[in-house]
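Note that the chains take the letters A, B, C, D and E in the order they are written out, and that residue 1 is the start of every chain.
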Amino acid sequence: MSILELHNISLRFGGVVALDDVSLNVPAGMTFGLIGPNGAGKTTLVNVISGLIPPNSGSMVFDGRKDGPWPIATSVGYGIVRTFQQTRAFLGLTVRENLRIAAAVSPQPEMIGDLVDACGLAEVMDRTASELPYAALRHLGIALALALRPRLLLLDEPAVGLSGDELERLGHLIRRWMDAGITILLIEHNVRFLMDLSDRVAVLDRGRLLFEGTPEECQSNPDVINTYLGRGGSDVEH
Amino acid sequence: MRPLLDYFVPISLFVIACASSLWINDYFLYVVTIGAIFAVLAVSFDLLLGYTGYLSLAHGALYGVGAYCCGILTAWHGMPFLPAMLFAGLFTGLVGALIALVAFRTKGLYFAVLTLGIGLIGHQLFLIAAPLTGGIGGFIGIPSPNVPAWLPVRQVVYNALLAFALLLVTYLVMRAFVRSRFGAACLAVREDITLAQALGIRVGWPRFAAFALSATFTGMAGALFAALSNFIAPESFTVLGTGFELVALVVVGGLGTLWGPILGAILLTALPEALRVAATLSLLAYGALLLFFIIFYPRGIASILRRLWSRLGAALTGKLGGV
Amino acid sequence: AELIIGELHPITGPASFYGLPESRGVQLAVGEINDAGGIKIGDETYTIKLVTEDTQAKATIAVAGLKKLQAENVKYLIGPLSSGVAPGLMPIIAKSDMTQIIDGSIADGITNGKNIFRNQATVSGYDKAVVELFKAKKYKSVAFMTDRFHAGFMGTQEALSNSLGEMGTTIAQQEYYKLGDTDFSAAMTNVAGKNPEALVIRGYPAEGALITKQARQLGFQGQIVWEMVAPPSTVLKNIPKEQMDGVFNCIPPTVEDYVKLDDEKAKILAEAYKAKFGEQVGELTGLSYDAVYIYKAAFEKAGSIDNAKVNEALAGLMVADVPELVTRYTPQDDGRLFDDVGQVDLQGIVSVWKGEAWEPADLGN
Amino acid sequence: MEYLPQQLMNGLALGSTYAMIALGLSLIFGVLLIPNFAHGEFYMLGAFITYTLTVAGFNFWLAMALTAIAVIAIGFLLDRVAFKPIEMAPPLSLMISALAASIILQQVATLIWGTEARTIPTPLVGVWSAPFFILTYMQLTIIGVLMVACVAIWGLLHHTALGLSIRATAQNRDAAMLMGIEMLRVRFATFAIGALLGAVAGALLGATFPIYPTMGAGPVLKAFVVLVLGGIGSLKGAVLGGLVLGIAEVLVAGYISSEFQDVGAFTLLVCVLLIRPNGLFGRVQMER
Amino acid sequence: MLNIEGLGAGYGKMTILHGLSLSLHPRTATVILGPNGVGKTTLCRTVSGLIRATRGRISFEGRDITGASPAARVRAGIVQVPEGRQVFPDLTVRENLRLGAFVHGMPDQDAFDRIYALFPILLQRQSQKAGLLSGGEQQMLALARALMTRPRVLLLDEPSQGLAPMAVELIGHAIKQVAESGVTVLMVEQNLKLAEMVAQRVAIMEHGACTLEGPANEVLSSDAVQNAYLGKKR
């Protein structure tokens, strides 16, 4: 069963066609990978789903509710939560204060403690967010989103700038939520990371849906190799 | 332990202030009373500026709304002071809520200037609505608060006690607000409104509540000011005077803390009095001291005290650790 | 022994242009009295100690200043200047055992004749001269341009237009501006359009000069009448003298006017001021200077420095009791200086601008 | 609607004075994010120094040029003392610093010139009587200077390297430094232009209006209104906002009541911001 | 060429770099590897002058530049591509590029053409406001802008951030070309593909100091590095 259905979403900015008749079904409980060349429209799609920008045309069904997309406040109420490509947290506040805000909006404030451990924030609780190491900041951004107990989590390039242990930690985290039944829409240019985690993958190119299928099919699809992975798609070796 | 400390410190400071008001002379008492009223203003103002991130320049006018409201109720309708003050506060809160509805369509400097406009309109209305306010000639004959029979103190002392009590209540109420979920939401609005929205915070409510609450206490401060001055005139409620002075109090005290603005208010009301000795140079000296302070402590008194506090803490633990 | 007099004037801030010369007037008089050996009250001779506090023309600062004076045991007060301040001090002083002589504000109704007196005119006093002018010149229509930040003028606006109306003058236009405004073109366009026979400007001279200029530029042809304290030196700094020719002014004479009338006391005061402070005497200096001598006469008459007695003496003081007065007050019917509510009778006179200064106007009656 | 052409012209002339003051303020705020309340004091000093020089016998235009240099120097000093040391502090601290600086400058002016109002002897007397309206030569000069200033600033910002570096700094200080842009030069240039505009406005307006040490306070508030009315960071907005405000004030004073001149102007501000929360020409910030 | 000796730097009271020493070989691309948060970005910012060094010294071609302003360093040819998207959002793409050549006066059309040939998407978007570009497009713009300065030392802080694999390859080639044309390159990078593609020398950073530096093949094949950074585990 699909938790999210997009029907013929189009959006243009002046002359730029950012989304061109995109239709997509995201099955419940799975991690859905979204890739595509730079400027393909991935972030724009997240903006549309989360309600930050209304599309020019098209509609969205979420969890049986028709007439989407909704304004952002409504979407969040329905359980659609996003992170931002450019990491966003309350930069002027300490981590503790950030989490206090998270607790204020969370339906289950008592689980914030868990999140702190899972995201590895315990040692940096009293530091100002703007001074955090990059990885910790990314995790904080994700912790804020998770505090809302989303049903659909939109992750826009969460792994940017992460390496080694940090990347692994993020991978573990995502798996855990998947197990907890959260549906995840994951945008990521780290192909290995994305393919490892995703159950299904869609590829956007210049606003159009180019491909949709399993990660394996995706990596051998010539169109995808041509437009996105490149012949030296060696990052993907197993 | 913490709740005990939480209430112990402000309440004991309040008791000390009340006790000392029996001692000091009328002049100091007046300065301190005015300082306390400005502290009420500053704390209310900081709820909006420091915790929610909106600079309202309409507060000078809101202060006036409370003052005139109290004047009309007590002088014309014979209402006793305390209910009049409450009523004035509620009325001002209502006016504030209306302003908030309009002003929160904008943010940043746009909000500041929009409220500046509203503040100026308010001041002009005090002038124009002469039948209600007395116009430029001022509102004359506002009765002083009645000293209750069981309290054997003089009027001026009673005025001071009222101001201290109002300050204490304001502080406690504002602190409760700040610590509530609303307070957390306000912080989120201040730091990053898009992220706040993305987190499902209905940003309209917390900032609206902050504005209305801030206006309510601003109105009560105005009411008290009116009652202890016996006379008010539009000149006390200008944007250039009161409006900007509030910003100075809060910034000098320390933005985003509730006790910082209290210190800022006391310092900046005492300063011009201390500078009376400088006679014709007093304004110049005031400007120079303000500039000096802000250049060296751009984050206000609160930042100095915090630094001292942490240094003290470090020194103590260092000493203990050494033993 | 020492007798303390407090004075409360705006010696800093924008109003210090008027406040500082007042403060200095007090200083001059006190200096003179002390140099002459002080005041002999009863058997004791007192020298006067002067304590100055600033009001910045703001009510709260002024109240704090007053409380400070009270804390320093000051019983006699001169000041304040501003109409926005005096009502703020009134409830405190009325309840206290102090005595006050107001030497500034021209707003109505701030004296009580018990312990609060005023030796400055009220606007109603100014208005009498306006009425006199209109009686003589029989202008058929008039426009007003009033400083709406001026409590005094705003307070009498209605009464004045009523009395002119009763004489048959049409009120063609009522316009307002505020202190510090610089553009009056909208109002003056309307005034010039209606072209009344006279335009009465009520406020301060800088704006007065500017309004006069703009009215003429926009084609206003009628008579311009000022109602404001306007020392020629200030006027000339703001408007070329040709453009002032023939403008009327309706206020009580100031020190400068008395000097022009060859008044000995005024000349001495002006010179002393110049010698001590290096500037031209201010237009209100005479009033504050007089206030000190009024106190002196009252002390001597009461023979005591007890406030109740001095208040009584002040209330009954005759103009003739104070020979040092520079300002020429009209005695009350019984010769007293103050009327029952503590107000002197100081009436405006009509003067006209000729060349570089005001001169008494010949109204031809 | 009697005298409408004349009233519109009155509004235009008044609006030009607002625009003139707003221009410099807008530049400094747009580039350095300093809410420079002391801009009113540039204006005041421009008027007073020109006054002193003309009274000392200088030709008005020469006096104005000398004044501009002096005020630029003062602007530079002000930046050095009041703003540069706390450039990293929150903008509100900068605002308090500006307010303090403005008190100091006013008081210094009081010590030098006293608080008596005066007017600079006008270099251009006389009026130009067109068929339906009258404008003084001085008003015409102000409108002319405003137009010249707009074109000059626009050209500077959009067609010179200095202008490009100013615009770049306004958007991303760090990145601008990484492009080899000297921060100090940009700062200096911005303050110099801002102070210059303030000084010229002061000299021209001081020849029409009375001048006194606190004369800057009112206009600087109006200038902030204009800044926001037009849209922050838009020079076009600053000019048109000024004109709109001027015309609105005159129309209210002319056809409703001069008692409501200010109320009318600020009601207009409120209405405009209700319809366009980012001013007439301000852009809505995109969030991504 | 560029010598860093005993460099110390940090934010406020917090010291991040503890006596870091490193010398860059002329006309060579050096890649810095290290875990998140060791101070790689801090190093780049200190070298380009955005952060003041608290101790140690940086010299360029024998001249001490430790106290020089960022602008002076750019004029000397030291140019940084900052981490994250540091474009001028309200300026057009072309104006952003134009600013790249700021220290050389007005660039000719050739200079633009060379860049557009490298990044065709920027040509398409040349009159769009840079702030409206997608994340990856902004990253390309930042790199392109730095190339416009005609650098002699190019500091790259994670240039692959947010780039699609094809684009990573593209800029890999571009950087290699630049290095071959005689520019000294210092690149901080997490993307191993790009690092391996570009690196001639590799430095390893730990706890605010460089612990190992040498030719790329040697360092990358050393066991310690294999385990710690190249993630044998994966």
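FYI, contacts are C-beta pairs under 8 Å (C-beta built on N, C-alpha and C of every residue); 3 or more make two chains touch, one makes a residue touch a chain.
Which chain is which protein? Per UniProt: A, E = ABC transporter ATP-binding protein; B, D = Branched-chain amino acid ABC transporter permease.
Only a predicted model underlies this, so the values are computations on that prediction, with no experimental measurement involved.
Using the touch definition from the top, how many steps at minimum link subunit C to subunit D?
Minimum step count, subunit C to subunit D: 1.
Give the chain pair, either A-B or B-C, that is connected by more C-beta contacts.
Contact tally favours B-C.
Let me have the rounded angstrom distance from the C-alpha centre of subunit B over to the C-alpha centre of subunit C, please.
37
Compute the distance, rounded to whole Å, between the mean C-alpha positions of subunit D and subunit E.
42
Would you kindly tell me how far, in whole Å, the mean C-alpha position of subunit E lies from that of subunit A?
Roughly 28 Å separates the two chain centres.
Could you say which residues in subunit B touch two or more other chains, in rising order?
194, 281, 283
Scan subunit D for residues touching two or more other chains and write them down.
In subunit D, the residues touching two or more other chains are 107, 259, 262, 287.
Quick one: which residues in subunit C touch 2 or more of the other chains?
Residues 12, 16, 148 of subunit C touch two or more partner chains.
Which stretch or stretches of subunit D touch subunit E in the complex?
It is residues 161, 164-165, 167-168, 171-172, 174-183, 283, 286 of subunit D that touch subunit E.
For the complex, give me every residue of subunit E touching subunit D.
Per the touch definition, subunit E meets subunit D at residues 48-50, 69-71, 74-75, 79-80, 82, 86-91, 95, 98-100, 102-103, 105-106, 131-132, 145-146, 149.
Considering only the defined contacts, which subunit A positions touch subunit E in the complex?
Answer in residue numbers: 13, 16, 35-40, 43, 85-86, 131, 133-136, 157, 160-166, 189, 191-192, 227-230, 232-235.
Taking the complex as given, what residues does subunit B use to touch subunit D?
Touch list, subunit B to subunit D: 49, 55, 102, 105-107, 109-110, 113-114, 116-118, 120-121, 124-125, 128, 194, 239-240, 244, 247-248, 251-252, 255, 281, 283-284, 286-288, 290-291, 294-295, 298-299.
Along subunit A, where are the residues that touch subunit B in the complex?
50, 52, 72-73, 76-77, 81-82, 84, 88-93, 97, 100-105, 144-145, 147-148
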